[in-house]
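Residue numbering begins at 1 within each chain, and the chains themselves are lettered A, B, C and D in the order written.
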Amino acid sequence: MTAVELPAPRRNTLGVVLRARELGIVIALGLLVAVTAISNPRFLSGQSIRDILLNTAILAVLAVGQAVVVITRNIDLSVGSVLGLSAFTVGTLLQNNPGTPVVLALLVGAAVGGVCGVLNGVLVRYGRIPALVVTLGTLYVVRGVTYFWAGGSQINADELPQGFLDFGNATLLGVPYLVLISLLVLVVTAVVLRNYRTGRELYAMGSSPQAAQLAGILVGRRTVGAFLVSGALAGVAGVLFAARFGTIDAAAGTGLELNVVAAVVVGGVAVFGGSGTVWGAALGALLLTTIGSALAVLEINQFWQQAIVGGLILLAIGADRLVAVRVAAGLKKRGSHVS
Amino acid sequence: MAALLRVRGVSKSFGAVAAVRDVSFDLYGGEAHALVGENGAGKSTIVKMLAGVHRPDAGTLELDGTALALTGPADAKAAGIAVIYQEPTLFPDLSVAENIAMGRQPLGRFNTIDRAAMVAQAARLFTRLGVSIDPNRPARGLSIADQQLVEIAKALSVDARVVVMDEPTAALTGVEVERLFAVARSLRDDGAALLFISHRFEEITALCERVTIMRDGKHVSTDLLADTSVDEMVRRMVGRDLDALFPKQDVEPGATVLRIQGLTRDPVFKDISFEVKAGEIVALAGLVGSGRSEVVQSIFGVDPRDAGTVEVLGKTLKPKNPKQAMAAGVALVPEDRRQQGLVMELSIERNVTLPRSRSLSQLGFLTGNSERRSAKEWTERLKTKYGRLSDEVGTLSGGNQQKVVLAKWLATGPRVLIVDEPTRGIDVGTKAEVHRLMSSLAAEGVAVLMVSSELPEVLGMADRVLVMREGRLVAELSRAEATEESVMFAATGQEATV
Amino acid sequence: MSAELTETTRAGRLANWNVAIIAITVIVLIIAAASVDSFGTGQNFGFLVLDLLPIALVALPMTLVIVTGEIDLSVASTLGLSSAVMGYLWNANQPIETIIPICLLLGAVLGAVNGFFVTVLGLPSLAVTIGTLALYRGLAFVVLGDGAVADFPAVYTDWVTGTIGSTPIPNVLIVIVVLAAVFGVVLHATPIGRAVFAVGAGEQAARFAGIRPGRLKFWLYVASGVIAGLAGVLWTLRYSSARADNGAGLELAVVAAVLLGGVSIFGGKGALPGVIAGVVLLGSLQNALRLSDVSNEALNVVTGVLLIASVLGPNLLKRRT
Amino acid sequence: GTTKSSTEGQQSKAPENTAGKADPNAPLKEGLKIAYLPKQLNNPYTDVEVGGGKVAVEEIKGTYKLVGPNDASASSQVSYINTLIQQQQNVIVVAANDPNAVCPSLNQARKAGIKVVTFDSDASKTCRDAFINQATTQGIGESLVKMASELAGGSGEIAVLSATPNATNQNSWIEVMKTELAKPENAKLKLVKIAYGNDDDQKSFTEAQGLLQTYPNLKVIVSPTTVGIAAASRYVSSSSYKGKVAITGLGLPNQMRQYVKDGTVKKFALWNPADIGYLAAYAGAAMSSGQITGAEGEKFKAGKLGEYTVGADGEIVLGPPTEFTAENIDKFDF
């Protein structure tokens, strides 16, 4: 056998193309902000930006968790309900023990969500039930449990310790804690997904479940793990929700699941798993939130808001498809040849 | 010498199907061991037990004399058993390098993945295999042959002591097979044990020293290859004597049935023109990836075309309209049985009657009776083995699945039968039946167009051989002109090395 | 060997969720009629049918869509937009006899938009219909704002809420039965139905058998839109109130009912009788629990648990063999 | 064809009043089954209202029941009304999510002899026997403008943060506000925007944000809904707008206490919601016992609240709203 001359490993041009997907969101975001700011400069005021970031923080945390699950070719529709349960649990805890430190509250929220996540993961993996079915089921169950528990009670801001409410608004060097927490979540998840074996295995599972099994990936553990992350992050988001809004009842977070999935989809995470990044998901969350605020500022009839969000989702997945087709065409031309 | 891996009395059942029953054989370090048997004999099931995918119902595996309890593929990998599965198992979204390294990616600082090292490793493996695939490209879009090559690189990357290959060559051509064998021999010479599964005897005799034969899930014999003949092996596999293979009868060709003119689809194939007459079997030969499948898929209308015409009995077919092609009497037995040939989750009867559900209906309604009757008739004609007609077709062995595909298309009463790799992954017995069938169809006046990568099959069956190279029709050889050398020369554009 | 065989076949039959769900539904109906006061009355039967009308209708095309391996989450929004347009046109003094066909046509167009994105552009239906879920609902609000339009003609509203003659059988049951029969026959006894299953279980193989999956799916989305439009009309007439938020959140209930009825979310498997049973089961449980003063919350939990159990049960049975 | 104008006035008529003549001296029946169906369960304001109802039902030795959906949608109430018909209640006290959507069912209930009393949010007049009005529309509208004017110092921009755009009550109050603002003494007050928070906490919160961003010179946000005022107060109290923008409107003392104490809110108003539920029970019982039929001018006794007179269209007005300030807020607990 003769030695073969390999083409010098090319710079990862494909990766660049694929990343253009996220670039697209950034550009869309930039345009939106520019247009809005021109029509009303107060849109760029510190308070306004802070508000947008605060509102994004919660959705972004949820979207990061959702992205992890979607990458494994699953979906978690129970996040809104889990957020509600976590928010109510933590609210009750703080109501009864006003001295509870915020960190503990976050941990409790994460634990509550984590338990729900593990339940989802176990049912998906070991019950062999499609994730859509399981999490649609737990969406109902968890919400029902929260209603049972909460009944008509509502936890108001004045029943929560001031320290906790401050945490919802306080800043570190001008950046709100909530935003810092969601950034931390985002960076850690992104690094794990990109640079650690565990993360790559999640992509592998989403890309081809059978192959993942045959490759010796501990599919069960990883599936449960992905749902655990999604659940725990929904739990954390519940605590952030409680701190941000101060009023918690059994309906907290109702219907949020579709927003979260929308953010993830807009962010370029393929619903069939295997591709996409949490950066994209977080950008998707930021874009959706910014649209909401911009429409209010631009005085566009708020009734248009939902329609515009819907149109945007279609646009985003359409653009995604266009890129994918281009890339695929490029790949076909690059088959191997035995030399 | 002590056996490296011992398979001792393993059994495995799936529901009521006993796939493997009490099979024992030994693998020695430094030997290449063939495992042969008819479709559904249980070969792949043995492979999956060695890989830790299935756990044996009974019996044990021993590595170096100690019992091996595999709870999953990870265990097998850890024990040094590398497996190339019958079906490619790649991650389409991940890069080729990552596919190869999955689970064992080289680590750098803080246990993060060292991408550069990972790519370099893949590049080294490809060099060793003598192929040029960009390690950075995603696996999506690789041709079947390239996918198989990546699988092989994957198995090589583990430095395994036992390498199991379940029909690794089914999608490869001569050159690639030779390259694979070179690597396999070097592994063997380094002391690894090779378990090699193939339906092609010339490959088995070229590579292996010993052969284990299975039939109906049971172990029949394990011998030195030097001590047995191919005929003997075949007899043991099928449990009876076989007629000669490739029994194409001579038929006086009739009128032209299929006429292709200037068929083009950039960049896959260009300006393809040929004719097939009634009673003729025309083979479309060429290297893997030369565009043959795409040509026939375009003729049938499942793939688009940029230019050119397709005529059946003087009627011009519209592009992208398989329904019209079917109505005109064209049938296509596609190359990828699992994806294109069958709906794996549907029952046998539904699969057999799927293209004819309209003609089987009464006033547009189907009760299921006419379908069942027709499916029974055709599966019996093709001697398909199955439990019940309502079983999912996916539970059948590869060969029986192929028979269902054939039944499905023969039942449409085609005037033009296009078969793409009709005997890929099919055992000798079934192969002979398929050949006999094609031959008798030709005798009945059907025009047969056959895509095949197996030269003996091409030479034995075809009245005429068309050869494609890089998307173009480069040669047309009559039966007399067609030899191994002439076909390979046309296909590669150079003197054959095989 | 033979003992083993009979055991597997019996398990196979039990594992056939379609049969199980019908049995469970019948049992629940019997228990409810026997133990819940006034569950079995004719009037209550009428209320029950009216309550499950929209879910039953929308679940029919949804079953076919899911069997092809796709999903349509936009149905409830289509219903809402149909209702909003109905209100808008009624306010604009259009005759109801024109409005109703327009609403059905609108449903067809909305369905075709879904179909276009899914089949022509090849986008994943989950993502597409989450997008149109927001888009159509948003448009409904654009059309009608947050207002409500009432005063629909009594002849129509009375027909929708009325019964056949003096029997307790509601008029709308005719609509449900006829449409269920049509969809059932199409799915289970026509070449189209065979194609639906084939596409869901193996799209490429279906294409190689001469089926056009794109075209099939496109028309299923159109059907889904038309039925959702019809459901919007009936909804509006039943409550005599056209509102943009009509039917909000219904999509999850419909999907739940279809899955409960034994349809595989991955496509290729399912049967319409099971789906009808799933719809009736959810509806009658809700009705009976409410009559027994069990709170809404309990129903949430029951729905969720049933949904999971509907897949888990057969899986466990299969696993044991 | 059948168009809106061709069918005007031919809507299905309310059933004839079967109660016959009122007998003011009839004794209140015991054991009446009185069911409350609020807009949605698990809403603190509603909870207070029906809590008052429960007290009254116990006083008259009736059976109290509370049912309702978890979402404030028009259609979900209908199923509950149907259930209550099946359960043969004597009185249904309902806050209609949609004045028309509940009508056919309510009329079915009335045909079955059930008395229908609406509270909080009225149903169409043709399908209920009486409506408990928390205060006159005029009174509330005037009071809202008065508070806004005081807080704005008589001039400047004000905005309204309402519930849903079709909320019957809120809209009629806003109409009165507009008439009031058109008067010369309020000429310097400018109503710049009516925003809708849909009685959803988060949405109201975001809408409040939007108002402040869009109108930098805003002086007062008037929120005539308890959810809206609480959300707006919470946002302002934690933002840089605190102290610059005043919040007022209708709110629950318990929810607002914090913001009154921290200075975000100087004053707001409300009636006592518990009294609404309380009065509704007595009105329903009086009707069910034959004391009244719902005709104008009839009188009945409502326990601790004293005597009430039925007004035009079966309306029964509770009384004027109370204003809450830092001085008096601690005297209230609801």
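Keep this in mind: contacts are C-beta pairs under 8 Å (C-beta built on N, C-alpha and C of every residue); 3 or more make two chains touch, one makes a residue touch a chain.
Small disclaimer: the values here were computed from a predicted structure and weren't measured.
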Report task. Write down the chain pair with more C-beta contact pairs when B-C is set against A-C. Result -> A-C
Query - Distance between the centres, which are taken as Cα means, of chain D and chain B, whole angstrom - result: 74
Query raised in the report: Where the centres are mean C-alpha positions, what is the separation of chain B from chain C, in Å?
Result: 43
Query raised in the report: What is the distance in Å between the mean C-alpha positions of chain A and chain C?
Result: 30
Report task. Report the inter-chain centroid distance for chain A and chain D in whole angstrom, where each centroid is the mean of the CA atoms. Result -> 39
Report summary line: The positions of chain A in contact with two or more other chains are 147, 270
Query raised in the report: Where does chain C touch two or more other chains at once, residue-wise?
Result: 145-146, 249, 296-297
Report task. Specify, in ascending order, the residues of chain B that touch 2 or more different other chains. Result -> none
Query raised in the report: What pairs of chains are touching here?
Result: A-B, A-C, A-D, B-C, C-D
Query raised in the report: So in the complex, which bits of chain B are touching chain A?
Result: 51-53, 72-77, 83, 85, 89-94, 98, 102-103, 105, 107, 111-113, 119, 123, 126-127, 130-138, 140-143, 146, 149, 175-176, 179, 182, 267, 289
Requested in this report: Could you please specify the touching residues of chain C with respect to chain B in the complex?
Outcome: 4-5, 8, 185, 189-191, 193-195, 197-198, 201-202, 204-212, 268-269, 321
Report summary line: Within their complex, chain A touches chain B through residues 1-4, 6-7, 9-10, 12, 14-15, 191, 195-197, 200-201, 203-204, 206-208, 210-218, 270, 273-275, 328, 331-339
Query - Of chain A, residues touching chain C in the complex - result: 75, 123, 127-130, 132-134, 136-145, 147-148, 255, 258, 261-262, 265, 270-272, 301, 303-314, 317-318, 321
Query - Parts of chain B lying in touch with chain C, wherever the complex brings them together - result: 15-16, 300, 302, 322-323, 325-326, 332, 334, 336, 339-346, 350, 353-355, 357-358, 361, 364-367, 408
